[in-house]
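Once you scroll down, you'll see the structures, which are given as structure tokens.
In the two complexes that follow, chain A is the common piece, with chain B as its partner first and chain C second.
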Partner chain A sequence: MELTKNITLGVYLPGTSIIHHLDPRTKIIAAMVLIVLLLFSRSYTTYSLIFLFTAIIVLFSGIPPGYVVRGLKPMLPVLVIMWIFQLFLFKTPDTTILFEWWILEATEAGLHMANLITLRVLFLFTVTTLLTLTTSVVNLTDGLESLLKPLRMIGLPSQELVMTLVIALRFVLILAEELEKIVKAQMARGVAFDQGNFIQKTKKLFPVFLPLFIGAFKRAEELIVAMESRSYTGGKGRTKMKTLQMSRADLAAAVVIVTYSIILIYVIVTVEPVI
Partner chain B sequence: MNLSVRKIVISGILGAITILLAVTRLGFIPVPTPAGHATIIHVPVILGGILEGPVVGLITGAIFGLFSFLQPGAPFFADPLVSILPRLFIGIVAYLVYFLTKKVDTVVAHTFEKPLLNIKKKMSPGIAGALSKFNGILPYLLGGAFGSATNTVFVLGMVTWRGYLPSEVSISIGVLHGVPELIVAAILTVILVKGIQRIRPTEDKA
Partner chain C sequence: MPIEVINLNHSYKEGTPFEQQVLFDINISINDGEFIGIIGPTRAGKTTLAQHFNALHIPRRGKVIIDGFDTTDKQTDLVSIRHQVGYVFQNPDYQLFAPTVGEDIAFGPVNQKLPAEKIKERVQEAMTQVGLDYNTLLNRDVFALSGGQKRRAAIAGVLACRPKVLVLDDVTAGLDPRGREEILNVIGELHHREKITIIFISNSMDEAASLAERIIVINQGKVIMDDATRKVFARFEELNSIGLELPEAMVLIEKLRLAGFNLPTGVLNVNEALNSIIKVLLEMEAHK
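Presenting the complex of A and B:
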């Protein structure tokens, strides 16, 4: 069991494209706008527009399209199951029956619902994947911190919140090493983690979880003392080594996103939803 | 609102465990159902709520939600309303249930001190000894159970409300996955809280 080796935090694919060089704040806001628009999309016209736009982003990001599609592969079985469930189980009173099979009947409404839901999930997934593919974790947290800053005025400790996220990301690898030691120690004592039925398998997890949590809490106590003795007082007045800078490309991206959103909102409002 | 260093660090480290359990797939229990596996990734969130209070529970839940949104394990988690929003409540519910049960527990133990002692005297020492092991674990057990149930019910509720799965399917997943998740989470919560309390410098601030 090599636990630390297959840990990928975020699936960042380093690159030099325009999208990679955009300010993380621009990308986070753009992703959020796209997600909100997706949640309101209920016609095939809007989804074809969204497809067009995501395709353009992929093109500009320099990420091989095959790479994005491959990321969707593990989702496929669940997507198919979701589609079938909607097809047979979603019904409206005045709909035509497409075909019947045993006690199940597929309706036109069910077909549209199944298609829309699958498309929505597919594009939601693509948008978040594109964000994490083109933005490193460090940039994402920096961008998040900067975006949350105005919320300080209503009393939200934004920098402290981002600090917890940074601690979490930093400690994943440290704790992974510890976890690997625990698992190996247990295996050396003869525990076979991949054998037995699910109750036996679950029972074997308990002697792994307890030392993991206790070790983590010991580290937490040490870190608390370390931070307090260095008088950490949160984000107030704290400066950064690297400050985020908006460039001309960000302005262009903003114009593109705004124009696109206006078109999409117009389409969402005017085109009749299929269901 | 002010966040103490203690709250920041504990939420961060519990968040790290959440992410770790997800990426190593250690937090998934292979349950013999068609849908695959149950999850106990939310246990650190429950612990955060019970050990450090609702704020830590909320922040740990947010980290859990954010991570499952950015690296979705199932397609509908790409919807933030399914992946992030329900997870914010896990720690808060766990804390509330723990807090209330503990209050009731102490009040009951206090008022019925004498009759309880009499009953204990009549029992054989073996049974009394076994029972005393369960002393005071009820709040943790219920906190863990309700925290886990919050995850199951709210996530599947959002999945249904957003229209990703019909309600019949959600309910059957809820029963098939939710029940084993609830049992394992409740037992784990008790074991972990008891273990962690031994090494903590201050007893139970929550």
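Presenting the complex of A and C:
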């Protein structure tokens, strides 16, 4: 019984790799560039390139590839459902029909769309996971805050937003740990979570979520008190103990990202999209 | 319901970069009707070990055999094992989730699919066993209970499944002295009257020393002592060296011995200490 084992989102894996040492701002911008490029990718060629580049990043980061892949496992059911929906529901007027099932028909366009969307979600998740795996929470906060600073002028409470985001990320693991304890307590009194059909299994989850939510609210309240008792009043007037500093490695990373982006944009423009 | 632990090893987050082994080659056998104290510093692996006793953890290396059933065997009915080996968790908040006390205590018997009147009977009995008043507290909101009452409700919820073995994971933590004593009395009663095997995990040496007949000391995932309570506490230098405090009564007697009083070693609880001090005082009186 270990629920936290497969959660990689929001987890930081301390390390000494070149990727770990990059300025968080470099990493955040790089991740954003990769995500934007992903959204424009509509051919298998571009996805192969994206896969190659992601694999290189994983290699350089020193994170065991198996661990990254394992993080994708909890998403599998969602991805499968999404794939099936796209396969049957997406259609273009001139597409060929692959096969029919009941009142549904799977088309070639649907198949491509299903594949592309699945790939897109997979890489979106991998890229964000890589960012958090190689960046500590403190660095991530500082980086995001620094990047959002210009938006303060138009009244965006950047510091508060970042704080909220970081807390949310933290709660993913905390809630999973809490869930594990509750599930165990109920298993100890004879609930068999792995038995029964889909509906029976879902039904068994209701008594789990009630204490989970109550616990989450309690925790949030405690956190508020803890922050206020240390005089947290929001972003105004806060100073930093460590200031961020770009290094030569960041310059190199920037060159790599720009080169890669140019190649990818070229491929996106020239290679015919499959759909 | 004997429990046999054979060469048990356990790691958390196995196969990830965060992998950490918490139990190393544990061998324990627990017999019917024993009152066993499991002590050890925090993070020694006490809870992890205890959660193997009711198949909440299934061993990947080693075996746990409960009443002849191997928990790693796919054929073993784990649900039935969990009903027979009750587990009371460290924090009652994780355990209590139904809106009312009665519904929460009924949760186990309901899962056992017992008829309604049987369930009612079990709830009533469990509440009486832990000293919760059936008439006033049955429909009370769980969150309106005091700390001590919550613990008792949590224990009642487990007792309602009629376990033959009861694992209690640090159930007195965070209670005031009175709440503590009440819970300890309930546990003592269960052992003496109902003959339930008790596995009592504790951070309090005083509690372990005064209740348990046998003590298992765990440090850094290994069993370092497993013997009768008196024999374990006789090795107080070793216990001290792994950061365990001694029972207060024992500390007092040791200090008095150092000061030159002729007191026996191996005093475990306040009553024994009191008796031996009175004896010495009477002897001194007689000499005068």
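Couple of notes before you dig in:
As a working rule, the second predicted complex is superposed on the first by the 176 of 275 C-alpha atoms of A that agree within 3 Å, B and C clash if a C-alpha of one lies under 4 Å from a C-alpha of the other, contacts with A are read in each partner's own complex, and residues count from 1 in each chain.
Just so it is clear, a contact is a pair of C-beta atoms (placed from the backbone, for glycine too) under 8 Å apart; a residue touches a chain by one contact, two chains touch by 3 or more.
Just so you know, these numbers come straight off a predicted model, no measurement behind them.
In the superposition on chain A, A:L210 contacts both chain B and chain C. Judged by the touch definition given at the top, the superposed model places A:L13 against chain C, while chain B stays out of reach.
Counting residues of chain A touched by each partner, chain B versus chain C, the larger count belongs to B. By the document's definition of touching, of the two partners only chain C reaches A:P64; chain B does not. Using the contact criterion defined above for the overlaid structures, shared-chain residue A:I224 touches chain B, although it does not reach chain C. In the superposition on chain A, A:I117 makes contact with chain B only, while chain C stays out of contact range. Comparing the two interfaces of chain A, the one with chain B and the one with chain C have residues 208, 210, 214 in common. By the touch criterion stated above, chain A contacts chain C in their complex at residues 1-2, 4-5, 13, 63-64, 66-67, 70, 178, 181-182, 184-192, 207-208, 210-211, 214-215.
Interface residues of chain B, counted against chain A in their complex, comprise 1-3, 5-6, 8-20, 23-24, 26, 29-32, 43-44, 47, 59, 62-63, 66, 69-72, 74-76, 78-81, 163-166, 168-169, 180, 184, 187-188, 191-192, 195-196, 199-201.
Chain C meets chain A in the complex at residues 12-18, 51, 54, 56-57, 78-79, 82-83, 86-87, 89, 91, 93-98, 107-108, 111-112, 143, 157-158, 161.
Across the complex, chain B is touched by residues 3, 6-11, 35, 39, 75, 78-79, 82, 85-86, 89-90, 113, 117, 120-122, 124-125, 127-128, 131-132, 155-157, 160-161, 163-172, 174-176, 179, 197-198, 201-202, 205-206, 208-210, 212-214, 216-221, 223-224, 227-228, 232, 234 of chain A.
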